[in-house]
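Read through the structures below before going on.
In what comes next, chain A is part of two complexes: it sits with chain B in the first one and with chain C in the second one.
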Partner chain A sequence: MPASASVSSSSSHHRASPDLLVRLGSTDPEVKLRALREVKNQIIGNRTKKLSFLKLGAVPAVAAALDAAQSELLIQSAAALGSFACGFDAGVRAVLDAGAFPNLISLLSYPDDKVVDAGARSLRMIYQSKLAPKYDFLQVENMEFLLSLLSSENEPFTGLGASIIIHSCQTDIEQNTLCHAGVLKKLINLLEGSLSQRDGSLESLATIMKDNPEAASKFVSESGRALSSVIDLTKDRYPRTRLLASMCLIVIRNTSPCHLQDIGIKTKLVYLLLELLDDPGQVGEEASFVFSSLITQKEDLQKLAFKANALDKLHNQLLNYSSHPRRFQGILLVLADLCSNLESCRSKFLSLKALKLVTNALTNDNADVRAAACICLRSVSRSIKNLSAGHFTNEVIVIPLVRLLHDPCTSVQVAALGAIGNIVVDFTTHKSTFVKCGGLKLLVQLSKSMDPTMRLKALWALKNLTFLADNTCKEGILLELTTPLLSSLICDPEASVQVQALALVRNLVDGCINSVEYAFAENDIILDAIGRQLQSASKAEIGIQGMYVLGNIASGNEFHKDAVMHQLIPQVNDGDCSFIVKFLRSNDSQLRTAAIWAIINLTFPSSPGASSRVIKLRNAGIVSQIKTMVNDPSVDVKLRVRTALGQFMAFSDGSA
Partner chain B sequence: MPVRVVEAAAPSQVSGANSGQTLPPACTLLSVGQAFSGTQNVSSLQKDEAWRVNVRIQGCDLEHGYLCGTMEALNVPMADTPVVTFWEGEIVDTKNYTFFTGKWEATPEDDIRHWTKFPSFSPLVSQVKVDGGKSLDLSNYPYIFMRWKEQYFVNVGTDCGLTIAGFYYVCFSCSDGSISGFYYDPNSSPFQKLELKSTNEGRSGFSFSSYELQ
Partner chain C sequence: MSLFWIVIRQLAEIEAMATSKKVITKEEWEKKLNDVKIMKEDMNKLVMNFLVTEGYVDAAEKFRMESGTEHIDLATITDRMAVKKAVQCGNVEDAIEKVNDLNPEILDTNPQLFFHLQQQRLIELIRNGKVEEALEFAQEELAPRGEENQSFLEELERTVSLLAFEDVSNCPVGELLDISQRLKTASEVNAAILTSQSHEKDPKLPSLLKMLIWAQNQLDEKAAYPHINDLSTATLEDPAI
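And then the complex of A and B:
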């Protein structure tokens, strides 16, 4: 009910009153104008007021004034609509739902400059929201219009042009179309313009060049001063300009590193962003995400950041900003990047006692923060030194992480699976903590998910949990997972899931010799599934993991070895050569290595049936294939071939 | 200056300034999960003594020349239980690390004195004396040289009366997975020899497990 929004307030001036709605609909232009002004003045910068007017249904009434003939009415209507849309998605939606968008566009060709100005400002606000309609750059007239906006002397016009690019340029086709139409040149000119023009231009340039080496090269070669202008703007007195200039340089560097080789600029960017992190407002918030894009997957930059004491600063920020979700998320992601490669960073992180703060963030109300905390834990738990000491398998960390496997948000579940996958590697006997917390049950559940990423990550974690696990732990895993489920996962439609399932079996049958029996449960269905997968292996990695499973089984007793022989050389030969010969001939040295190890185990000198297996292998053409590999380019393969040939010789009276 | 080639398997010298790929071979016998057992000779002038030792590889990162694992000493006289330590290794790949230790109180002379105890080091010695081996290409060499440094006690306190102040010079044979090493600590008996063999834990063959960090 619209009337319910009219709360009883002592001051009629600050109330979204139904009376105002009536006046907005008045046929008297003076009354209407006053009402529009009143709405505009009340909602500027006031989110609560915007919501209150929205609920009252004021937006369609304001938008209706765009049909008027008087300039002043048009100006006030456009300004009020722009205010509704400014930084407020519900407002943008209401303006769009009221059908105001095409009318605002048509204001841009109105004969009165002030009207045009108001229309451009309003549209700019709308384009700053994700909800704005996508602008089609591929239409010739649209591109012409965009170029005219960017060429204008008028600040609201150039601002609108930049907002359109930032909002709608997403694909490389769009990026290239903008480049070819001459947009880069216009944007470079705007780098010399006013503050808002510079900022708009920098952000647009970053949008156009992101992951597009062609665009980055065109920008650098467009004019001798283009790149140096951006570099100069990293020293601008306005923090937002400095941030956007550094963002632009990072985009260029990440897209085409050849353009920014200088170590000096890398160091400057690190220090600049660390300084911008101190900004208490939006610049500080965004700085963490920009910083993350600078150092992610770049060990040299992570080293520079470490030397610049980034960890101390980020630790302080963690303490100060835990109640600001977006900033907190950004800081956690930067910490994750910093700790992703360098042990020195992880060690410093742990010495600062930052682990406790990150663990607390696992139960944060905000899903993005929870996911970022998991990603951070995943990076820190790459430290084998600390995994080996069992530092991550205490209940304080494991219990909240396991709970996140239930999280309503998929991205949090996936991030939690990533952290758990590392933590369960644990080389000590603490794997039981994870199982006791119900983690195993949940991982098995997620391995049945319809979502392939979830199945992949869950199996990955189960594989790591099985690594060097004792028999009790392995029995528990197989009891929960069940033999039929495991064999169906070996044949999963996704190759990456098959690889993880095979690697899990590889770990399952490793260790104590009794473990080999796991592969023979329930009428050998696991072993048969592996044989089938290897016969039709679509990726080298499937062959590698599958051959290690067979190799591990072949290190068991005579019965085990003969079962592997049966997989390698089926009784009924349909004319195709066995998959093992294909693997031995593979270009992938790891696959050749895995295959040759299985042969070494099958012909292991101390086993009684070795000699008859050598004969079978020779008859199947496998021995002659191995003989061709004595000069294999891989040292590992070459040495294993020597071992295998030595073993064949022992059973063949020197004639092998 | 070209290095003297002793046999066909001797390492070649990297030509030119651009050394390219010189990482040692990825050897399956030195991969994560692999176990080794043997002895460490801790004899002194007073008595002959050897401790049984088990080693397990827990991490391997060839890109950074890094290896780590645990070492378990079984019949340590002053301990009630086997003593387990965690160690980290530097792989001499001439990219991340050379034959010169440059720390842990080891001078280049100490380094050469220890490395020359390994017969497989002899084809390298002349070049190592020049530049620590920086210009050698070990990528096809069937031996991997490392330094293992114990970092902490896993199952006993630091008050156990034992020290992990020193480090090991280690040579791993890619052919059979055997490991020999010499413990170096200026304050302990010199040249305590470590000898380990790849174990197959009761199997008739070799078994390989794996994990991957994300």
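And then the complex of A and C:
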């Protein structure tokens, strides 16, 4: 090792010499300084070196130098620590564990500007990581400190301020606190600053306004220039600035429906993001996610994007970026959003032969990509035309999808369930491909999951599988699912799961008369479960599905009708009114409709036991309840009430 | 009258002319040019911008003294020039240390630049015939860059292939040993430093000249008028009739 003070050393690219730690801890400031510089210059830009120095335990040794009183030592130490933390979570962890954070903060008030800058830069690096300590905006001194950072002329300071906001501002209380403290005004000023100040400001503003209409309005009204400054920045020469500006505008428009809704700005944003997608680097990667946030659940924007030939561009990107996981994920998600509502997009997608690329992505190494591919398939398979044509039910798609039900990653499983849920609605009665490759077994397994979302989605897919299925298929499903499991799902703790379970039964008993028998399997446990749940139904939707099941069953023979009566009006009652009366009084017109329909089927004139059933219904107060609904506001309900009353009249003995 | 004045006036006049098609004689044109007002301060700023961006420290300082035009802290220009010079002389390690002293974030946030600097180091080692060291360096320093980022692999392979050739100056990738490669890297570093200091990395003057040529081309469709064809002399040439 050359001992001269000249820092150029031909062997400095060698592995860290073993005495480095010793030299870092030296009491001789010259030796220590040289060691610090050596570490710094080796690790900057070099992730591999950062990792190896980390493992050597260099971070605590470097952090210890922050105790020194010499500017040069402080600068080098801070710079090295900042570099360890730059884009490297393990480094951030090590720096924080070494207790360097408070020392770096104290550098901010050091008399030497260079030391201050070094400290600010390092802290900013730390705050770019999720591991940074949370900044408490609600404490007055903290807010004052933040404001002083943002008001400073000094770039590292404003940069630090912005990164603190971007990192720590999460709740709406925090967002509002920042607004009320006057942070918006400072950030608006920074929009006219240097490149990094503009970028930092844009990102901070987006963070503060996200999902907070009050904050968004406050920003717009803060100054006449505020919104126009951001709009101008969408034309900036730096792509990253354009991206951040568009992100900011999108946050405002999504949060606050009275701003930025005109066609001009919408078109501008669509074209801007499509252009940014061309960037081969980080900007292009992030652009796809920002594009998603623009068009998700917004049909008008999806239409604009379609007209701007977004699908062609995205298809090309699928071809070019399949080996860049994050980017690939982003593109798949945009495609999912684009095809979520519009058949025109889905047709175009399929005509471009993009389906194959997405199907290939189902077996990608990266879990996020796999999940995104499933989400994309779910959107595209909403095309009834193509679903019926069988484009999604061939083995090429079904087999890898079903395999994903085993995926080690839960989010992939859930996403796969979403796609499968659509694909099994294939309008043919066979569905054999799916069942043959073990799909049914897996769905049933997942419907027993501890995770309520998983149960819900699995059941949803099973429900769709049962839709218009033939008897062989239905029997197969019930055999695999088992009656006890189905009953317990009807009584699931989650209301949404109950709804799907009931809808599944509804699909089971739909169809030919024999189908009704399914509800009576194994001593009526399904029917009993339905009756029990309807007693305690917590959501209208549960009542609706349940009543349609009962209504379907009541279209059967006498035995079936009596069984339904038994559920409606249990023998042992002490004046408790039947749940059906509650349903008939419900605010939800769909529920009222479903309830009346069941009554109509029960009292169908041509069936032998109808008159005794009418008497029972009358005794339970159900007939009089229906009489009050003659002028129901819903046409559907009114018409059925009329039918029901007509049927009652046929059995009337003259009394009311 | 300085060439600069002429160019700028020409540009302003063309923009005004863009709406009517006709033939304009040199006399008429010059008369119109004289009516165009250009501020001296603006021109001075343009000149200063050029000197600073290109790194002509002494000239910038002298110009400041003589014209009173302000500029950024010259020390930062000096630092930046030192880095650029180090790369141009092949002292890449020295350049890296200087950049890190100037702003430790630059190389940490510019993987492509860092890779190119490492690549240049390797090239210099090979140029100096230090084959052993070059091999070791390639393995320890450049290979990880390729692992960290796949898009560097191709260039990495090209550079490493230099080691395979006996006569490096005559091999397919021999251009890597050219001085032009050093200049390319130096330019990249210069641009990165300028951006980090929030200066535009390109001077304004070339943009102005490009605009002039473009504007003349546009106006050609609508009028015949005196052109500036030679930018270095800024002479007005008679319109083609």
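Methods note: the second predicted complex is superposed on the first by the 636 of 656 C-alpha atoms of A that agree within 3 Å, B and C clash if a C-alpha of one lies under 4 Å from a C-alpha of the other, contacts with A are read in each partner's own complex, and residues count from 1 in each chain.
To be clear about the criterion, a residue touches a chain if its C-beta (ideal position, glycine included) is under 8 Å from a C-beta of that chain, and two chains touch if they have at least 3 such contacts.
Just so it is clear, the model here is predicted, and its values are computed rather than measured.
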*Between chain B and chain C, point out the one touching more chain A residues.*
B
*In the overlay, answer first, second, both or neither for which of chain B and chain C A:Thr234 touches.*
neither
*Should A:Asn464 be classified as contacting the first partner (chain B), the second (chain C), both, or neither?*
first
_Contacts of A:Lys40 with chain B and chain C, given as first, second, both or neither_ = second
_I'd like to know which partner A:Thr433 touches here: chain B for first, chain C for second, both or neither._
neither
*After superposition on the shared chain, which partner residues are touched by A:Asn601: those of chain B (first), chain C (second), both, or neither?*
first
*asked:* Looking at A:Arg378, would you say it contacts chain B, chain C, both, or neither? Reply first, second, both or neither.
replied: first
*Could you say whether A:Gly418 touches chain B, chain C, both of them, or neither, answering first, second, both or neither?*
first
*Given the touch rule stated above, what does A:Ser487 touch, chain B (first), chain C (second), both, or neither?*
neither
_For A:Ile513, using the defined touch cut-off, is the partner it touches chain B, chain C, both, or neither? Pick first, second, both or neither._
first
*Determine where on chain A the residues touched by chain B overlap those touched by chain C, and list them.*
none
*Spell out the residues on chain A that touch chain C in their complex, using ranges where they run on.*
7-10, 12-15, 37, 40-41, 44-48, 79, 82-83, 86-87, 118, 121, 125, 155, 194-197, 323
*Contact footprint of chain B on chain A as seen in their complex*: 378, 381-382, 384-385, 388-389, 418, 421-422, 425, 427-428, 457, 460, 463-464, 467-468, 503, 506-507, 509-513, 548, 551-552, 554-557, 561, 590, 593, 597, 600-602, 604, 606-607, 634-636, 639-640, 642-643
*Enumerate the contact residues on chain B facing chain A in the complex.*
25-28, 33, 56, 58-59, 68, 70, 86, 88, 139-142, 151-152, 154, 174-175, 200-214
_List the residues on chain C that touch chain A in their complex, please._
91, 93-94, 96-97, 100, 104-105, 107-111, 114, 121, 133, 136-137, 140-141, 144, 147-148, 150, 195-196, 198
